[in-house]
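Shared chain: subunit A. Partners: subunit B in the first complex, subunit C in the second.
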Partner chain A sequence: MVDLIADKPFQGLPLSIGRASVEGMDPGPVTAIQPFPGATLPMPFPQAGQVLAQGGGRLVWAGRETAFLMGEAAPDLAGLAGVTDQTDGWAWARLSGPDMAAVLARLCPLDLRALPVGTSARTMLTHLPAIVIRTAPETLEIGVFRSMAGTLEHELSAAMRAVAARASLR
Partner chain B sequence: MRIPCPCCGSRDRREFTYYGASVFLDRPAEDAGLEAWDAYLHLRDNPAGVTRDLWYHDPCQSWIEVERDTVTHAILSTAPVARRRA
Partner chain C sequence: MTQTHRIPGKGLLIDRARPVRFTFDGVEVQGFHGDTLASALLANGQRMIARSFKYHRPRGVMTAGSEDPSALVEVLEGSQQTPNVRATTQEIHEGLTARSQNRIGSLRHDLLAVNDWLAPFFSAGFYYKTFMWPRAFWERLYEPAIRRAAGLGSLSGHHDVAVYEKAWAHCDLLVIGAGPAGLMAALTAARAGAEVILADEDVRMGGRLLSDQPAVGGLSGPDWAARTVAELAAMPNVRLMTRTTVTGAYDDGTFGALERVGLHVPAPGDLPRECFWRIVARRAILAAGALERPIAHPDNDRPGVMLASGLVSHVAKWGVNPGRVVIFSNNDSGLATARHLTAQGIEIAAYVDPRAIPVTEDFPVYAQATVTGTRGRHGLRDVAVTHAGGTSMIPARTLALAGGWNPTLHLTCHMNGRPVWEESLAAFVPKPGMVPGLSVAGAARGRFSTAACLADGVEVAGEVLRDLSLRPKKTPVPEAEDAPYAIAPLWAVDAGGRAWLDFANDVTTKDVRLAAQEGYASVEHMKRYTTQGMAPDQGKSSNVAALAVLAEATGQGIPATGTTTYRPPFVPVSIGALGAGGRAEGFAPQRLLTSDAKSRAMGAPMIEAGLWYRPSYFPRAGENDWRTACDREVAQVREAVGTCDVSTLGKIDVQGRDAARFLDFVYTNTMSTLKPGRVRYGLMLREDGFVMDDGTCARLAEDHFLVTTTTAAAGLVMRHMDFVHQAFCADWDVRLISVTEAWAQFALAGPKSRAVLASLGIRADLPFMGCTHIDLGGVRARLFRISFSGEEGYEIAVPTRYGASLFEALLSAVHAEGGCAYGMEALNVLRIEKGFITHAEIHGRVTADDVGLGRMVSAKKDCIGKAAAHRPGLTEPGREQLVGLMPVNQGETLSAGAHLYNERDLATRENNQGYVTSVAPSPTLGCWLGLGFVKDGRSRMGQVIRLDDGLRGHKVLVEICDPVFFDPEGGRMRG
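On to the complex of A and B.
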């Protein structure tokens, strides 16, 4: 078996421009859980936007009838839910700072100022399907398909530069 | 234009993809005859007023039946297609 070298999805991070910073993050193992119709899971399942504590990790709402278990090993839900490993399928970045929402206002049709702390949402960042989780008033975790990590990095850095440039003119 | 997603709440039109008239959901029986199948596949109304059509909410992966007014652009109601088929 070839010994593959693990590489980080974001080559140009961390990056700090103006009043916003972005860094790559490792959320630990990520597992998609999609309950079969009518099945009752042995754990609470998040409603739209909910982020629940689950063991040592988080169970994050990630789409219709879909949750991502992050930071905790995949449970055995045979016969109850579709359980698929997403660990290497998604790339995660943490955007923080007072201009977090202003930066994303340039990329995202969802008003992230109004996203309650401790909740998640599915939205688009330009054309990238994304999961966003607000973990603190000025901190947002962003997940995109790993193949699009370079685009996310580019879009975020461009928006951060533009917000900082605009602020410098005041 | 904003569309209330039954799953996510009110969202910008940029998050949605349009499919077409919602009569697409009313598939005729296999033996319904040529006329019914011809109508199902090819004939669509183009009303100035209330219409029902299918939209896909890309972020949450829901198909939604949207009742809207093509004259005023008002969205009158939305319902998840999954529930209708259940």
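On to the complex of A and C.
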């Protein structure tokens, strides 16, 4: 018999530097839902960039014809949509603080004015393909491929250090 | 030195209460906080700062900005050595260490100054004419010698490990330059509610208002600028970026900008040296002002010769005392400068102007006169002024040149727009629309008076705001001087001797005329022949004068001569800033396996594949090279059992009623006939008929498949399948998504693999090429019976979070059965022994038939690439086919990349019979094995051919054989 123990994707989080913090987060189960052409789902489906409340969780737009149901088990959508467990495919971190935008600007080409609270985007953080969700004016949830969690930690901490160091110029 | 050349009480930017010590050429120098390297050295009486590029002439400071062609130095910080730093932009700080560059010996006694005596030989085109033969000498002798003698600055030879940064910014309006026009434009837009970024190269915003200090709206220039900047700083929709040079205009309103972040700080710590910004703006206004130009007269390059604007700035901003000044001007702004300096107590020894101007000034005026020479070995001593009465030698410490102004329009040309010649200004001005979304305001479009600049800022901002659907609020234009700008063009004074145009690259008027004379009469040819405008300053002070001299020489006129192209970047941008974060491991993301920490703890060296880090081998005590470990691992797999992390293989989940139909379309073989719970090997072609990838396809349920890809092609196959879906069958009931990262997957291979499964509590009654869901200690897992080793093999997949734990469990279980973990080296040997292909073989230029898999292209259905695979060239006899290669003499090694020739043929391209793709030392067969491609290889089994590795000088006779060396019937893996 074997007794498997789950581990966490991030080794170096949480981390707080200057006026920004980042922590690993567990979004609960994550299921990709990809409706088949013409299918009517028993729930609303997010438009590009939308984040919808769904039961106790969220339905987050995650790409072309794709939404991630996060924080709630997937309903039975047999015949209506492709349903794939993505819980372990992504590593999620929460970046927050007054310098969140300044840190993000070091890593990502997104214009935060186009990402109001309650929306999501697919983007790149340096070289990392990512999903970002703005949950509050100064809070951003970031999902990257789980194998790249270490690189995300490194990139975030480097950006946070550089942003914090600018305080000495003021 | 004790700042002997400082004017008491003057210097807007310096803080006399904060002395700063720094080192130049090994000597400690004192300046004040706020000084640049240039201003501090000038304040200490040091005019000579550098040696010139070609002739090693003494050079000083000409300007007060980034455009300076002469004052180039090296800055040293630890192992960091930054060449070609303009002393005019480097702020001093405690501990700053700089030195002059481009010299052998000391700055005063540069041995290469001999080049100046040899100048007659170093005319334009010198290299082209001189170093013609013998041809081989160029690379070995001439070029290294020339590179040693010429060039600007040197590098440390060490990696640049300093902190740099890249960042993005977004706004409605980017205003470039914070002089009067830029400040008014930013103010107008900000008051209307636009999100504004105002970027300025200097430490303090205000532009010429800080130097010329005209009265604006009843305040002094600096006071008005400070008040306006304060208002802007207090607005939440405004971002002020000082020390930030906008370097380039790119597509879609994107601008590059270089910010000097930590270069002026003694101990920067985590502070980046520079930040390279990408600013995305809906609209932009270029208010970069204008750059003054010199006049080319004989010996106009001595330390002490400056541009009038540079002199005024050094007096106003840093309180530098220039001593006796001669001003040589052809326009009214030079005259205004003379009056301005006189009013501040600077002694104007002579004002020299070729125009017939009245001589009623408080300083000596030489009208209808020119400067025809200078004297002073290491710095200006006398100025020769030629006038109606003859030539007078006028003692002076500073000669200020005022040759007129060139609008700083460089950015408008970055998308290949061409400016137009404006006769009344004797300058090029931008046309509207040269860069989409970029408007130009103020001196940058030839509005030279302060009043005109202020008004233009308001006006242009108003136009832009209307484009942005914002309503401008009424912004009154403050009152200021509105002097007309009158100029009588004078580009060069022809009085014998050398007259410099391009100070940075040592190009004189003679060189330009010679270029024209030798047929290089177009401006682009002249530039390349003389190297004018090709130094770090990109000809900012010399381009227009050089083409004017060229136009004169060819008689074409300036508009017909045209100008060279201004390209990004506007100022030199360090590679470190452009590549911030990308050094060493920062180059690409690192994808780490769940087994990574354990593998490293076991001493496994890592090899990178598809960004993943995979263990090469797991050395045990006493195993000092890869070969020993690899041989042992192979043997253990063949005799007992091994485990290997194969999570890196791409996994694509395919669902839907049309999933099987879709896979039939992308695979050459048929997947629709696969039963649920079974796995099939599959081959995919590109649209052009060549093999793209291979892998397995498992049918998990009727409408649910799992496709695996090779590690390196995982992204490629996903993209390909997405493309096929979107382009050809978007209406099918099929959905694809990558699950590569969701599962950690481990291979078990070897005769004892079933025993290992049993010890983990897994019932292994799976047939060869079967798959099933299993329960692994309460975790839902997947089990596949597939083999890449030729042994009985399984792969177990668990959700990634359990990967590390499963790897530990597998290690214990395989060790208990006399097995081991195996790495990429052993995996490679095992697959070569079995003739299994990887991307070494399916490298993008082979067909299914070439690799012996022609029968996998189903005749009963269509698939992507099938039609193209039937093109004549891909089906003709004589194609190179996959074969096995074994050394005739068992002990000899093979090498991959080698080419194959018939035994007696020379190793020439025409004789090429094929090449080797993969090799491995096989402990199982006791010799090296190779896979490769040979012309008509399958019909040449048993023939002997020569492996010839030209790179390694390695020749071996090999026998062509079947690529499956071991267990060709496959009995071992079928169990």
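Heads up, the rule we're going with is that the second predicted complex is superposed on the first by the 167 of 170 C-alpha atoms of A that agree within 3 Å, B and C clash if a C-alpha of one lies under 4 Å from a C-alpha of the other, contacts with A are read in each partner's own complex, and residues count from 1 in each chain.
The criterion applied here is as follows: a residue touches a chain if its C-beta (ideal position, glycine included) is under 8 Å from a C-beta of that chain, and two chains touch if they have at least 3 such contacts.
Note that the structure is predicted; figures quoted are calculated from it, not measured.
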First, second, both or neither for A:D26, with subunit B first and subunit C second
neither
Look at the residues of subunit A and decide whether subunit B or subunit C touches more of them.
C
Would you sort A:M1 into first (subunit B), second (subunit C), both or neither based on which partner it touches?
second
Using the touch definition from the top, say if A:A48 reaches subunit B (first), subunit C (second), both or neither.
first
Please indicate which partner A:A81 is in contact with in the superposed arrangement: first for subunit B, second for subunit C, both, or neither.
second
State whether A:P109 touches subunit B only (first), subunit C only (second), both chains, or neither.
both
Doubly contacted residues of subunit A, that is, touched by subunit B and again by subunit C
66, 109-110
Would you mind writing out the residues of subunit A in touch with subunit B in their complex?
48-49, 63-64, 66, 109-110, 121-124, 129-130
Name, in rising order, each residue of subunit A that touches subunit C in their complex.
1-9, 32, 34, 36-37, 65-66, 79, 81-90, 105-106, 108-113, 126-128, 145-151, 154-155, 158-159, 161-162, 164-166, 168-169
Touching residues of subunit C toward subunit A in the complex: what are they?
163, 165-170, 195, 261-262, 265, 268-272, 278, 280, 581, 586, 588-594, 612, 653, 655-657, 730-743, 760-761, 776-779, 798-806, 809
Considering the complex alone, what residue numbers of subunit B touch subunit A?
7-9, 11-12, 14-15, 58-62, 82
